[in-house]
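Have a look at the structure that comes next, please.
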């Protein structure tokens, strides 16, 4: 269950509104690396968590935090849209080049659909699609998805920080970047609790590896057209990271099987030539 | 550049065709954990790789492998659809219960749209959406996304293995599971080359951490309605995983700022009551 | 800012798990009439609210409630998936007809992607798409969208109530139906505060009606092929509902303008025949 | 059944083509508030209408009108694209700043995909998704969805009217705004025929309210973190709008139930640690 | 402009309602081969047609026809849903096997979202996405897209005809199949008017072929891993179909260029290791 | 099975990087007329091909070629993003007007999500959706879809060629245009092998035409509101293109059937007024 207090987690200040930066910030709301994604991902992972209940609690606690991040960013978007041109006359009257390019450079939906407010869309106006909520029912797989989400999320926040020259926005982003630092570490820590590299992997660790084709489990295979060895690296030799095998390098030999589905069935809507 | 030889990477055999399992296999083709996703993800990551070229080569080599996995699975789907009912008469004539439930339990598009062949959709008939191709331009962030993809991918393959009782299908899946084992290890190995936990994180490691609000960088904050401390764990105390801080636990104090966007502008399409 | 307490708003009890009903409940989570939609819609409307701040508070308060509804439903989905068949052997061993049809009748993603947990998808496995979050920047338009959301939402909840024969599920749904009753009334009450039928409409009420083609503002026009009058009703005569006009009935006379875009430009990629 | 006459419902005139305004107009075609939405929504509601046939007729009649609105807007988009730059050379030769910004500010698909014609996409180039066609099978719920569609639709049309300085476009929009005025009134009138506030609500009115948890049916509940009362208003006290209850204000007391799904099943692809 | 008469183009009769066939029919409404697609495709092609106006008229006339096909199919879906089970009790009481499997085999949205009516979704419940409306601004390219649409559309209709054993449904489908026969011929005839194989192709025929790399214009190139020649056929030798070249067969020699993007820029959010 | 050699099929050279052209090129990667579409379409058609195996080989061979085209275009996008502004300061420092408009005119995701690399999205940032992969199981229908794909694809490539003034880009596009010329011819040649106009059509040619309502099979019907004949042309008289009939022109007479679904069922969530 959730509660609210109508306060912002951290102050949101915009010194010079910039509609183009409003558009960029939309990526942090409705982009695949954005805050809707992590808020809903942790929420659904929590709702489906089985086993030790502390993971549910950890996930739901962080979901609550991320909801507040959406709120901050949505406020920042609206503030950056202050003064955006609403008409061709305003557009042409603008003397500042960046602002003058604003209407063409905006998500027009931020003007036409939401009346100068934030939307759950990315920086090109594409709505967020909930298929990006990864909640696998495997707690370790979920943690890897969370590390990935926070890694791309912090990369995005850094790019936004580098993009803006507004001190208020830089301040807000420096907070969000710090939280992403923590969240990367937090999910890595959870993975450590789950056994770390050698305990948790290969995910799922509940499948008996004897049942997989073990000749291929730690083989780094080349798919080079000239049959040459693929590029060497840590992945090509030495003990595997999961501690359960040794990397070997080789070239895949295809099976002799040429895929052949035979003729089509008479009533299947195929051409007559496809029917035996 | 790519080449083909019209052979299957590994033999595909179906002992007893099962249209319901064909539907399940679609998840491994067009689901978010499926093979289109990894093939295209590694492909686009390769195309955008900057820095040491060996990562490009590693990624493109693996993309070539994954294309062959799609081919294997698509063949398996078509084979499992052999004998699927094409008409109500065939449906009613079926005596086997599982096959008898086939038409209602199929993706009907596998019959109506593709004529008993595989499609780039998931097990509920939802087409794959390329926004799931994560290629961030940050090579370490990409590796975390790849670990996540292979972790959910192997989880899916294990579920399919557990679901089927067909020896041919179990054999094919035992190969794919082994490859997922390798690929999890491979991307973890790449992450190790990039500095591992303490070198690569926080991602991106090119951002000077002095510019983030460091009070919040390693703070595990509670968002519990009663103000209680959040659930303890490895994430709550001790050195951070990235080796650059120490976890502390606390409660977030919201800012005093109540979000207030003020009145709406006269020409913005708001109600009169919203206009100052 | 948001807080959580890891408790359910209202008890969730499933007497007899039913995987098919789990699928049906998904509609109430990720369907367009579902709880993600209202939670996020009220959230974004709140974030963009301008004018009297009480609407922001009202909206955010209700968003917090709806988040708890998602949590309840996600718990109910997972509980209904208890005992769902994971393999063909389990499927064939089932003696109960409804459960026996379970695997084919399930969202297979509830098994393959989420490991017997809820997902942000609808009852056919289609992910929720955030374009359904209507937040227009016009507070009265938002209220009409909310009335519509709760009207379709309560209709859905009633259908689910009628579908199930599980006492626990009926109890949970009777709570959600009651809340939908309140929310329909609540948004209608907000509309009343905003002036009601004659004050708020036509939305937006800030546009001077003198600037619209007033001949057409209250005219009920027929588009019947034989030129006959369209079907009569309250909309065909008498005072308009917004109190600003009188309904008249007529037949539209098309303009004489036949749309003609002329020839294509030489470099526009048209066929030579289209170019002047 | 439908017929056409290849005439425009109302004259479409563009005095000064403006590719940026072409992009804005796309929102009125393929945006969620646009004309495809209402045309198809009324069409599908008509096709599924049960009960008094006059609602089917009313809906289909209006669907025919809205199809003509798409046609008008598509013509307007193409006309506004006249003279849009097709090459970098044309782009650089433009002396007018607004037009000079055209290529970057256009939906490039209007040039690359459709050859300077309209598309069924919104102002940011996102294709219209038919999940926005709300047709619930409950005639009153449908009417609320229609009021919402016309409210956001008229808001959009007003924003477009305010945005443009082209007399021809203002004339066309003043017609469309007038029709939206009528359609808002029309659907409200239909709702009145269906019993109005006290007869139609709560929707669906066919569900016996005795079966809902009546303690919660008219209770305005607070979800404030500090336990304070939520913001007062018409929704907080007095008779309910549907005339069937009295608003009371309170604070929700969560159930004592902490959601707990227990351990995962052995073959469900979970981590070993999640399995009992 | 459009008109309606609330009559069906051709009689729709269902002898024995079958909810599973209702689901199958949805593909003909909202599938990519369905009637929404052709109705809207011809409509938008008409709206964007430049050059000889007869193509606009032809397209819009056929769009009007296709709208009536959606209406017929939507009626057929609703009729097939008559008697579908609304509750688990009804489900279990069903004695007929096919109908008994109905609830699990239905699009549940046909019950939960639309109340036993048609929706603009495909047979797996996926909403139609308007990006499938191909209207290229090149009239010949449009005709090829229309031939493709009617070819897959007739294939779908034939599969539906073969699937059902209901005489009423077979009658309706035999009408729709005939119309698809006509429409395939109609668009091929339009292509003939545009010059046929040797006049219209390569599309667009307005591009001077001297500007393309003519060595590759009629070369059938092999991408076989072993360097062998690709499979022979009409495409491998002889005059090209467009009459402007001669087919030759060869093997592509890749350029020597290895793609190399160099190092990443310092502020681009890459890892430190990627930055020079 | 697939192999790679990390070489480009044809040289990719950008003389003057242009971020706006990078955005335009995205359409050729992730647009519906783009290379992902054809690569995956031929791949899936190959995987599902039944009948003469040479079509499978032809399709898979061309799929391999198209994968290399994506690689070329992705490289070109990244090269065109060289020097794109990463910050407002860089944006304002730009002196060149076209480049100066870059940030607003870019897909911001090319900067924020992918770090100056290509993405599987179109020129407006919309991700490619795999529902555009048409693979019908009918080999002739597939060929028509391929002709359509290459016709719109070449139209797009020509528009890009006309748009750019960069000699390197023009060179690359002249290669891709030539390949599209070949591929249009190739699929037309395949259609000729399948019997050409009179042998392959109407598709599917395996359905006995005696079972269709032959009165309507070659009738060009008018849907003009005034009952006038539709526009004449090759489609209006003379032998049909498939050689199996003669075109006649007429006016459709609607059936007398007014669609009427009757009353709603009591438990279906309809309004009370809809229930008999």
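Labels for the chains are A, B, C, D, E and F, by order of writing; each one numbers its residues from 1.
What we mean here is this: a residue touches a chain if its C-beta (ideal position, glycine included) is under 8 Å from a C-beta of that chain, and two chains touch if they have at least 3 such contacts.
Just so it is clear, the structure is predicted and the values come from calculations on it, not from any experiment.
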{"item": "Any chain in contact with chain A as well as chain E", "value": "B, C, D, F"}
{"item": "Chain A onto chain D, rotation angle from CA fit, given as a multiple of 5 degrees", "value": "120"}
{"item": "Pair from B-E, C-F or C-D with over half of its contact pairs in common with A-E", "value": "C-F"}
{"item": "Between A-B and B-D, the pair joined by more C-beta contacts", "value": "A-B"}
{"item": "Averaged-CA centre spacing for the pair chain F and chain E, given as whole angstrom", "value": "10"}
{"item": "Chain D and chain F: spacing of chain centres that average the CA atoms, whole Å", "value": "28"}
{"item": "Multi-partner residues of chain E (each touching 2 or more other chains)", "value": "1-9, 32-33, 47-48, 50, 56-57, 61, 64-65, 68, 71, 75, 78, 86-87, 101, 104-105, 113, 115-117, 121, 124-127, 129, 131, 136-138, 140-141, 152, 155-156, 158-159, 162, 203-204, 206-207, 223-225, 252, 254, 258-259, 261, 264, 267-270"}
{"item": "Chain E - residues contacting chain C, complex", "value": "1-5, 47-53, 56, 86-89, 91-92, 100-101, 103-105, 107-109, 111-113, 115, 121, 124-127, 136-141, 194-195, 200, 203-207"}
{"item": "Complex interface listing, chain D residues touching chain E", "value": "1-9, 30, 36, 40, 43-44, 47-48, 50, 56-57, 60-61, 63-65, 67-68, 70-71, 74-75, 78, 113-121, 127-131, 133, 135-138"}
{"item": "Contacting residues of chain F [partner chain C, same complex]", "value": "155-156, 158-159, 162, 225, 267-269"}
{"item": "Residues of chain D touching chain C in the complex", "value": "1, 3, 5-12, 32-33, 54, 57-58, 61-62, 64-65, 68, 71, 75, 78-79, 86-87, 115-117, 126, 129, 131-132, 134, 136-138, 140-141, 144-145, 147-148, 151-152, 154-155, 158, 161, 174-175, 177-182, 184-186, 188-190, 192-193, 197, 201-204, 206-207, 209, 211-225, 230-235, 240-242, 245, 247, 252, 254-259, 261, 264-265, 267-270"}
{"item": "Residues of chain F touching chain D in the complex", "value": "18, 20-21, 23-24, 27, 31-33, 97-98, 101-102, 104-106, 122-126, 152, 155-156, 159-160, 162-165, 223-226, 252, 254, 258-264, 266, 268-275"}
